[in-house]
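Can you keep this structure in mind? I'll have questions shortly.
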Amino acid sequence: MILFTDPYAVRVNGFPCKDAKDVVAGDFFFSGLHMAGNTTNKQGSNVTTVNVAQIPGLNTMGVSLVRIDYAPNGLNPPHTHPRATEILTVLEGSLYVGFVISNHENKLFTKVLNKGDVFVFPQGLVHFQFNNGTNNAVALAALSSQNPGVITVGNAVFGSKPSISDDILAKAFQVDKNIIDRIQAQF
Amino acid sequence: MILFTDPYAVRVNGFPCKDAKDVVAGDFFFSGLHMAGNTTNKQGSNVTTVNVAQIPGLNTMGVSLVRIDYAPNGLNPPHTHPRATEILTVLEGSLYVGFVISNHENKLFTKVLNKGDVFVFPQGLVHFQFNNGTNNAVALAALSSQNPGVITVGNAVFGSKPSISDDILAKAFQVDKNIIDRIQAQF
Amino acid sequence: MILFTDPYAVRVNGFPCKDAKDVVAGDFFFSGLHMAGNTTNKQGSNVTTVNVAQIPGLNTMGVSLVRIDYAPNGLNPPHTHPRATEILTVLEGSLYVGFVISNHENKLFTKVLNKGDVFVFPQGLVHFQFNNGTNNAVALAALSSQNPGVITVGNAVFGSKPSISDDILAKAFQVDKNIIDRIQAQF
Amino acid sequence: MILFTDPYAVRVNGFPCKDAKDVVAGDFFFSGLHMAGNTTNKQGSNVTTVNVAQIPGLNTMGVSLVRIDYAPNGLNPPHTHPRATEILTVLEGSLYVGFVISNHENKLFTKVLNKGDVFVFPQGLVHFQFNNGTNNAVALAALSSQNPGVITVGNAVFGSKPSISDDILAKAFQVDKNIIDRIQAQF
Amino acid sequence: MILFTDPYAVRVNGFPCKDAKDVVAGDFFFSGLHMAGNTTNKQGSNVTTVNVAQIPGLNTMGVSLVRIDYAPNGLNPPHTHPRATEILTVLEGSLYVGFVISNHENKLFTKVLNKGDVFVFPQGLVHFQFNNGTNNAVALAALSSQNPGVITVGNAVFGSKPSISDDILAKAFQVDKNIIDRIQAQF
Amino acid sequence: MILFTDPYAVRVNGFPCKDAKDVVAGDFFFSGLHMAGNTTNKQGSNVTTVNVAQIPGLNTMGVSLVRIDYAPNGLNPPHTHPRATEILTVLEGSLYVGFVISNHENKLFTKVLNKGDVFVFPQGLVHFQFNNGTNNAVALAALSSQNPGVITVGNAVFGSKPSISDDILAKAFQVDKNIIDRIQAQF
């Protein structure tokens, strides 16, 4: 389950494996999760990931971590994890969070979370966190996969490369193409 | 794995099970998938589902079907299945289809599908089908879950009940709130 | 999850993987499922498979498709899928279908299926489809594995290479060896 | 994971669960696997099963045992386990064993096993054991499921209740209906 | 996946499920993880668990959290999680951590972790954390199960109810029974 | 799923796979499980393993076997299997067996097993077997993994390489360091 530089190394799940005798403690280690991420961006938030790409020993283990930083009014915008449920706890500040369940209810569940509160975002559902406080907020979250993936709705729908045609998106969202174009221009 | 009317029946995965001796062939049967769905709606498309809700014998079986009808210019708008990969084949007409991979590439893969063509939409990824022909189109698709779920991006993000606040969505999509309000009004 | 020609490529489940940046839409595509299979054989049926061997992007996805063609009186003879449940729908014609549950009941469940009917054959159970109509029949079926396997009972028991000894089969089926020999001669 | 007599007991996988405080060692216990099964039957073999039906504590545990007794010339006839791989070891005597792989190879793998030999029959494949010695033989086998199921090919194909029509079986095995009828009469 | 008070409620994995229409945000919520646990005990450590027992919405989700507090010289003594891998990050202070791999290597991997460091303890392996600093330490850890279980080696081996006989433990640890008795007296 | 000598062979789960056409019956075979293991050691017991390391065809199959020999008063000392449940049956002699459930109950379940008795040790729990008879005892056990792993508590805690510091173990077991040192000296 451990990273090799040899391109012909044994691999599991597409990630290379060390021979057991070559494994070292460092293969299970990562450092720096106490460092605030840079939130000077449009969304005012930043996600630091600690998954199998950072810790080779996580391969096949079915769990990973992220740290999320939020400036005041910072948003971790609506997104999904295609292969994981998320459980999040607030380390600092306060967050307004929510998720939306599947069709046809599309019911929104929300909660204001303060320090020490925990909330669960079930696998594959659209969810978001918003810093509704006046200070920075910090959350730590765990995901039920070593490689959970993340799909930010805005980026996937309006910012894909190449773009989804504005004809299609205008129909999907039932608005004029110029509105779609305006949104696409942001991504 | 079979439906009971007794509320205290044995259940697996939250679905009731019949005693093996009470199982009948009808527990594995559904009829009507040859019937065109009604596409006289804003999207010009219709999905008929055949999963564990329709066929109790599918419980724990990890597979289900859908039929999708498309009027000319009909769209099965961008959506995800939180618990399933989809494999689709075109029975009639022609479709322009696509999916977008996870952050940060957000790469769009598209293909024009004609009768007999098959395409795969991997689990949890945003995907769509658009009838780019002048006649009705029909597709049949299989999903790798008896209860795959579906999240239509527009409905989940702009049409949830209650609504996600327009402050949050304006920030997420980097546009004015009045644009968000206009989109929300469509759902 | 995508096919490579390099024999030293990264592999998952024994199938090679492309580097994400080299993936193309064609890795998720197959064409020709609208083409009738050739049913001029002893059984009067033909199965066209669309699984991980045809679509490399299906690897790890847990689903695949088949098209089955039946001449009048054509039979998809008793068989099992060792790694998948099957859900089948009739596109044209009419089929008499059935499956047998495990020991010791060995109960047979049957149904006549017409166009648009759907039926489920649970994982590993012996099942068959017979065209009981006067025209060709066509079915499309999905399986809960990208590599479901198929074991045709006749071929496996009476047509293996080398043969199972007729002493053993005579005992298993409680008939004279010359009857076994006659059946084996057909395979 | 433990048996309750209350019909409204909590259940997992359709089997009832005891409250943890009511569990006793007996819930994980079975006795009598040293007793020879009665092999005075047509096949000259007998299978004693120890799975979740006998040991409630096996529920969700993914493993079970069987003891198989064979008279001289006794046969455990061709069968499959729809939900399990089997690993067998010979305790007494000698066995000629085999399994057949999936279409289209249908290759037969065989081996003569003596005391202390071990052989693996992969999930869902047709396999058999035949006592090729002059004394009784005994095997112990483990299966990778607490509820593996067993499908004896002869019973499922020629002895189902009701019978599969002899028209269908005559076509499947490419022989006259009277041969099918003769085989069906044995089951 | 949500808690019901009705004893006859639908249950999954032995945990009751609410009907989807009765689910509320509180079913995915827990509060208090910012509160230091009481470390005035022999080990000088305390574990606060947030799993399916605290958050009913975690059922089937495959992930949970714990907070661990350590007094100076506090120890989270050698233990295993029978159903989960653990990924831990240090929120405050410094920890000396380690795990031991399976027989026959029994190799010990250790690391000193400071604030922001992350370490992985693979499923089922014996591991520990020791506060090697002069201040309190705090860690947050995620586990790859909604119900991971914990087996503290000392409690299980020397503190079970009833006790494992000192004959057996004296043999297991190759020391006199009076030493075993002395250890057992501590639990 | 079959062993190759070519270091660049296709691999699944880190084990090499043969091309299907190169597979032979020997890839599913092991011999010698009738041979008594050597119990002239401190514990008076011996475990012979038959897993994926001995039978390459077991890869991905989720099951394996062990034979355990016990001299009179022989002990298979407290241990866990991190990735498997065990089901054991007594072939000869008599065993006193037990397992301890998770915190905080740490309840010990025990049973005396005679020839033909079967007992289950759930995944990851500490368990042991002791020959309480005057003759040799022999057990055969199956495990729900092709690679179950084994962690002997004494070896992992007191015999790791390098050693866990006696400060830590003295605290964990609440005894003087000289007692820990004495135990460590045995391993």
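Here the chain labels run A, B, C, D, E and F in written order, and each chain numbers its own residues starting at 1.
Basically, a residue touches a chain if its C-beta (ideal position, glycine included) is under 8 Å from a C-beta of that chain, and two chains touch if they have at least 3 such contacts.
Values in this document were obtained by computation on a predicted structure and should not be read as measured data.
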Ask   = So subunit C and subunit D: same face meeting same face, with over half the numbers shared, or different?
value = same
Task = Using just the Cα atoms, superpose subunit B onto subunit C and tell me the rotation angle to the nearest 5°.
result = 180
Query = Which one, B-C, C-D or E-F, has the same contacts as D-F for more than half of its contact pairs?
reply = B-C
Message = Quick check: how many Å separate the C-alpha centres of subunit B and subunit D?
response = 40
Ask   = Among the residues of subunit F, which ones contact at least 2 other chains?
value = 8, 11, 105, 122-123
Task = Show which residues of subunit D lie in contact with subunit F when the two form their complex.
result = 20, 23-26, 28-35, 50, 55, 57-58, 61-65, 84-87, 89-91, 101, 105, 109-111, 114-123, 140, 142-144
Key: subunit A partner contacts - residues on subunit B that touch it in the complex   = 42-44, 73, 75, 77-78, 80-83, 98, 100, 102-108, 122-126, 128, 130, 149-164, 168-169, 171-175, 179, 182-183, 186-187
